[in-house]
Amino acid sequence: MCGIFGIANQSDASQMTYLGLYALQHRGQESTGMSSSDGDQVYTHKSMGYVADVFSEDVIAKLKGINAIGHTRYSTAGDSNEGNAQPIVVKCTYGTVALVHNGNLINAVSLREGLEQQGAIFQSTSDSEVILHLLARSEGDSLLDALGETLAQVQGAFSLLLLTADSLIGVRDPNGFRPLNLGTVNGSYVLASETCAFDLIGATYLREVEPGEIVLIRGSELKSVKALMAPRLSKCIFEHVYFSRPDSIVFGRPVQTSRDLMGRILAQESPVDADLVVPIPDSGVSAAIGYSQQSGIPFAFGLIRNHYVGRTFIEPKIKIRHFGVKVKLNPVKDLLAGKRVVLIDDSIVRGTTSRKIVKMVRAAGAAEVHMRISCPPTLSPCFYGIDTPTKKELIASSHTVEEICKYVEADSLGYLSLPGLIRAVGGKSSEFCTACYTGQYPIDFVDAMPDAKAEDRQLDLWEASLKE
Amino acid sequence: MCGIFGIANQSDASQMTYLGLYALQHRGQESTGMSSSDGDQVYTHKSMGYVADVFSEDVIAKLKGINAIGHTRYSTAGDSNEGNAQPIVVKCTYGTVALVHNGNLINAVSLREGLEQQGAIFQSTSDSEVILHLLARSEGDSLLDALGETLAQVQGAFSLLLLTADSLIGVRDPNGFRPLNLGTVNGSYVLASETCAFDLIGATYLREVEPGEIVLIRGSELKSVKALMAPRLSKCIFEHVYFSRPDSIVFGRPVQTSRDLMGRILAQESPVDADLVVPIPDSGVSAAIGYSQQSGIPFAFGLIRNHYVGRTFIEPKIKIRHFGVKVKLNPVKDLLAGKRVVLIDDSIVRGTTSRKIVKMVRAAGAAEVHMRISCPPTLSPCFYGIDTPTKKELIASSHTVEEICKYVEADSLGYLSLPGLIRAVGGKSSEFCTACYTGQYPIDFVDAMPDAKAEDRQLDLWEASLKE
Amino acid sequence: MCGIFGIANQSDASQMTYLGLYALQHRGQESTGMSSSDGDQVYTHKSMGYVADVFSEDVIAKLKGINAIGHTRYSTAGDSNEGNAQPIVVKCTYGTVALVHNGNLINAVSLREGLEQQGAIFQSTSDSEVILHLLARSEGDSLLDALGETLAQVQGAFSLLLLTADSLIGVRDPNGFRPLNLGTVNGSYVLASETCAFDLIGATYLREVEPGEIVLIRGSELKSVKALMAPRLSKCIFEHVYFSRPDSIVFGRPVQTSRDLMGRILAQESPVDADLVVPIPDSGVSAAIGYSQQSGIPFAFGLIRNHYVGRTFIEPKIKIRHFGVKVKLNPVKDLLAGKRVVLIDDSIVRGTTSRKIVKMVRAAGAAEVHMRISCPPTLSPCFYGIDTPTKKELIASSHTVEEICKYVEADSLGYLSLPGLIRAVGGKSSEFCTACYTGQYPIDFVDAMPDAKAEDRQLDLWEASLKE
Amino acid sequence: MCGIFGIANQSDASQMTYLGLYALQHRGQESTGMSSSDGDQVYTHKSMGYVADVFSEDVIAKLKGINAIGHTRYSTAGDSNEGNAQPIVVKCTYGTVALVHNGNLINAVSLREGLEQQGAIFQSTSDSEVILHLLARSEGDSLLDALGETLAQVQGAFSLLLLTADSLIGVRDPNGFRPLNLGTVNGSYVLASETCAFDLIGATYLREVEPGEIVLIRGSELKSVKALMAPRLSKCIFEHVYFSRPDSIVFGRPVQTSRDLMGRILAQESPVDADLVVPIPDSGVSAAIGYSQQSGIPFAFGLIRNHYVGRTFIEPKIKIRHFGVKVKLNPVKDLLAGKRVVLIDDSIVRGTTSRKIVKMVRAAGAAEVHMRISCPPTLSPCFYGIDTPTKKELIASSHTVEEICKYVEADSLGYLSLPGLIRAVGGKSSEFCTACYTGQYPIDFVDAMPDAKAEDRQLDLWEASLKE
């Protein structure tokens, strides 16, 4: 996953983009970058690390101009390294063009092979670089024409922002996999993955960029082209389940509302006689409050999250029980002792972490531990931009709910149903991509499916990210 | 405030201390340090910064030996700089001695003047260095005797750990201002400010180090001396209100239990007809849940905290409404719109931040905003180790509750009563220091009160820390 | 200027390359980088900074494999930034290819424009990237064929090394502008800009790579192709005057021998009645010793160079006479007082630094100051890889020797004649490029001449580099 | 060894001190530091590293005020670490006092033991800290009285600068071991180890601070007290042989003059029939020029020094002949081939490096290699501030000149005689400490001699430093 932000025709463009990226930090902590332009030149800075560390006052001062785009990256396709940080900036026949990309192309490998045979040279392993090669080779007279020609060739999930010396372009793929929102502040247009970025800079939310729409912003003018069509919409339902911030509006709906309803419907579908509703923080909190209020069972922070968890944590050489989980979560024994606890989380991936948490809660004195998950069982990996493990690694792909319950050693286990989830996000099932819960992928595969080895490597990252 | 941790006779002493400090990170983020000893030498590393950044695997490997002490510092007395990071390590007639200190001496200036007249030289501005000078000059035959002689001369709040080549010593002042707990793991003794440090390393909580007690640990032996007496106990009640982690046991009582009760009693003492109970995260969360459960008014996270807030944040040049607050907290408009909201926090210091939050919540659409504070009005500064602003700056020192309510622009304002607070922490009022709420200081002043200028400088830090 | 180094089929390839680059550090201090390959993959690390700082033991350990190439960069074409550090590494139809380049193409701009029109995208401003685009687009069946086809299109100065997963390729342009040498160590072939790199690793010098030659090294096999022809040779005479290390063999001749002769011939051509021969260190030392020995006038270090001069030096706010020069050079007053001094340097560029040094030597007590320069007056800028200022800035382009003498305030001024210089380097004038002294450029210009603005910016760097 | 610099009553005091330290960088590269004062407060910054790296513009701006002292450290007594960087700054009954020290006390251990028994606490292992303890405990009414009382107790080598809020004090031990010079610039007094520091800032050399003299500078006033007496002078002759810069005046005499004479007298005392005089750079250069001019044998740089040698150099895993020497020095084969070479250096310590150089020169083709050393054989370690190895390690302590010649594999070996050396430095033998050549120590030992183990550790540093 990634977060993207852009603004045009605003005297503090780089400052605003810094704030926007800061609000989107949860969408990617690996690397971040920004390009700005002043009508004449494009300025870029990008690096591994957090927004607040990468951009100093000096750096922001050098990102001159009235237009800017930025990116926070959580690696999906392409290796995790500095070379894959975005924006990608190239010089080509359309001048200097900077690109940021949220999503994942499913025909990048095929396109790349074709381009290499035609003499293209690649400097990164990122699928996003393919888009710029196609753009540079297209025969459109204008950048907008060229972009239309380019996007007709790529398939998959892509919310894009492009920056040139004098304009800002926003694109959303025709399936609408990833969000992209349009706002306004001080007479300028602004684009962002989530509306929480608008809130921080005092911008007003106008609308979503529509699936298949290209918006070209130059100065105070916005031109919209409905360039791309797809047989169906496929909005990523997982944005509402886990990825987006609860204070954001995503796909036109407040995320908090969806999560609260997930908890409430879960309580109706999967009730339990218990004393306490305890979220696995932070991912399970919103649903747990909904569950508590629907069921009348008191809500409590029975697991305390350590806010200082970072990447550099050193594992102890000695054996400490539950260490991997305990370094992030500590049970409040006096709360849990003797209680029948409903533990709420937003997913079970491999089951190993859930199993450790259940054991830890029980060791802290809980009389019973009932797990409730605020979405259906995760059966299938995502190929549209979410880092999921291989099918083989997903416990629900090969085990029944009963078997999972036994594995995680819970007294009972309940998942939200798919209809329940659809109801919670307030939509029609035909508008969402629910492939991770159903295995029904809205676009056919072009490239071979990623090899299992690469996916295995992703697994720990994913589990970790869900719990972080 | 500071966090301290020590362990003796444990093969992974520095690793364990690293974990202990990591669990105590919330007690101080300015600097951290560790000393270890192997029966022969003392090894030290300290630096400005977070535990996870300061201690790399290499650094920990160099901190050899089976005994270790560590410190996380939040500057109170002494300037904020590298020179004041602890442990302070000196070579003297008792060999090499390392010291960490949580608390604040109230006769440090007087003692220091006397020592300088006798030819002592000081290398820091920390009050803790005074203790080591007195120790080096005492005439006790053993370090323990010398320590008794030393501590008889110092007044104020001090939980101390001392490390020598072969032993670990823990001390708690006779008033018992600051916590210090004793635990055990793998046959070793361990000492820590809060029990959450025990939980992470899998240690078992044994008991508090008693007020006035010195514990000397050498190998697997612990020797206890009840060396110091005070006319009364003065446990810092603010540890339960705000400072300690909710999953810790402090002064023998689970903090979470106290905070939940603060919310419940507050709901009884200061009820309000409303639709939602919203905490100011993270400080108001526990009390808000208690308030909600007692009152039956639903609990909701109507303000979302940004978890990536750091020190280096760059202020925007352009004017953004509520920016200072918004960069940390974002209101969830769809939750708040049209609602009568009870906002729960753990204190109002100057009132300026509370005022901004109330305005922001109202701007997000709340119909009414009622503030409830989970302790009495803060009237007086602390001189025993908590960074509070001067009396003049504390809004409650010169304004009635009605005036404060008007200033923060709330529809109503209620504080927990002192008897209510005492009931919530489960103690007797005679055992606690409540000077910040009453102005009745348990120890008379020896040094002149800190000058107003220095205190003003502390103000922003304090307000910031409460909300961070 | 730049230094390049490569080695194939050697178990410590990256270690050896590190040493080679270290020996070539004087050819470029701005950035450095290395790529290695193990038959399967190419590994790369590059950064701004010195060889000894950029490559840690960890970094070298990650540069796996038996083949490696490296680069030390002194910016000539392309901006001075991280993005222009070499090796440039791309993925194309010939697999992964890494390139390092010493020299400067004179038709890069034209080629680039053509490539962009064909849809190529550029990620740097370096002329070297053009070579890789041409290579990727060529229709050769093998990399060697493709390289021949590519090199037929580029004009200018280029000594190149290319690295693939399993081979090392060395190329020298048909004019032979820049040096490239072939050596052997432990049964492996090694390529380097100067033989001092061979000395450090214990390699034996075999021969020059010939102008126009391509050598392909795979395992222990070397295949040579004489691929490119030019109407004449144009070896850069300035390599012998200033750039190369005195202990290197360059163009088949020991540099030290040339420099000594420059001094001796200068003494014959431009004698003076004086007491002391004083070099401007370090550039004038070799010629000064030759001058002294030919003339019989004693040699002395009358100017002491500060060896700790770095980039970060802070200018004093107060006015100090001759500061800019004095921070690098300090006169030994007791040596100079009352003496008639012959000051030897290797060039006068703008004249401003020479003027300051003459004044400083006179202020230190010298009775007379005679300047002697070990090459002819510098009339014209270089377009083949040496950073020279614009023609306008070169004092000799618009002033006679008498006028320059007056400007620098010397008592007399003498330059080595062009025939004298040719004699000193032991060659025929037809083999060397002497454009900087004659304005006769061996290759016609294709691109427009660099704009004056860019050149002015280079000026200080150049002057500084000569004196550093 | 160390370099010290101080200035009083000068608006750019910290800037000037920065420049002064920069000029004294050769006297110590391990750490550096500076304290400044503005009549009210003392400001300090110190760190491991070079002057140009440690002091940024920001740091210098924070070192406010009109008085400043600084230090460059080459560890002698005390461990090599940040804690031993100077200035040492303490707060005591005389206010804040900062101290820098060049030299080594020989009764520091005894004094320290006494002080610890009286209750003193030490924060470093540096002998310089002892001076401040004595000062703080002295009963003088004024700082000057206290200083006199203090200095009467310490023995050994000490050139000191002290800085208080409003004054600068310079001290030189009564034996005059280490240099200290007085100069003036812009109406301010300035003190420095060597006059090259005066040259850079445009100061005029006035005179030496006399052995046993204390100078107190406050504003534009200088008060001199001849406080300390010693039975004899003991100026360190090694300052002229090796340590000081050739452009400095030390002990009232230009170093360059001494070194030139060392070479000339050596040529008279120890002539040889040869073709080339080659210095081991940089230490042997001045003497080699003298030797060449006296003998008429041509001088040549037959060994080229790599100017980029730093601390971080990574040793190759593979075996390279002469690597340890070659990384610093490269022979110019074409110069040396077939020649009878006189190799000039300033000392042979253990002999191992000399042996490697002789072998390398011979391997480069020299027909004969004759070593000439510009001082007598080094028999005994220094206890007054120069880092020498133990007696056991000094090859000349147990071997005759013939044996050393055989060991280093030279064709002949000659040392300058002691009378020759005394003549070269222009003094009387009674004024100099020549203990390293004679074993006759001018002050009796008080502390036990440093243990052999510590000295062995120093050995490599020493050999390295001589050749660096």
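Things worth noting here:
Labels A, B, C and D are assigned to the chains in the order they are written; within every chain, residues are numbered from 1.
By our rule, contacts are C-beta pairs under 8 Å (C-beta built on N, C-alpha and C of every residue); 3 or more make two chains touch, one makes a residue touch a chain.
Model, not experiment: these values are computed from the prediction.
Following the contact convention of this document, no chain is adjacent to both chain C and chain D. Work out the mean CA point of chain A and of chain B, and you get 36 Å between them.
Per-chain Cα centroids separate chain A from chain D by 61 Å. The geometric centre of chain A is 50 Å away from that of chain C, both derived from CA atoms. With touch defined as above, chain C holds no residue shared between interfaces to two or more other chains. Interface note: chains touch in the pairs A-B, A-C, B-D, C-D.
Chain B contributes residues 89-93, 116-123, 125, 132-133, 136-138 to its touches with chain D in the complex.
Against chain D, in their complex, chain C makes its touches with residues 11-12, 15-16, 18-19, 22-23, 25-26, 50-53, 55-57, 60, 186, 196, 199-202, 245-247, 249, 254, 256-257, 260, 282, 285-286, 289, 292-293, 298-301, 304, 306-308, 310, 312-314, 316-318, 320-321, 323, 326-327, 330-335.
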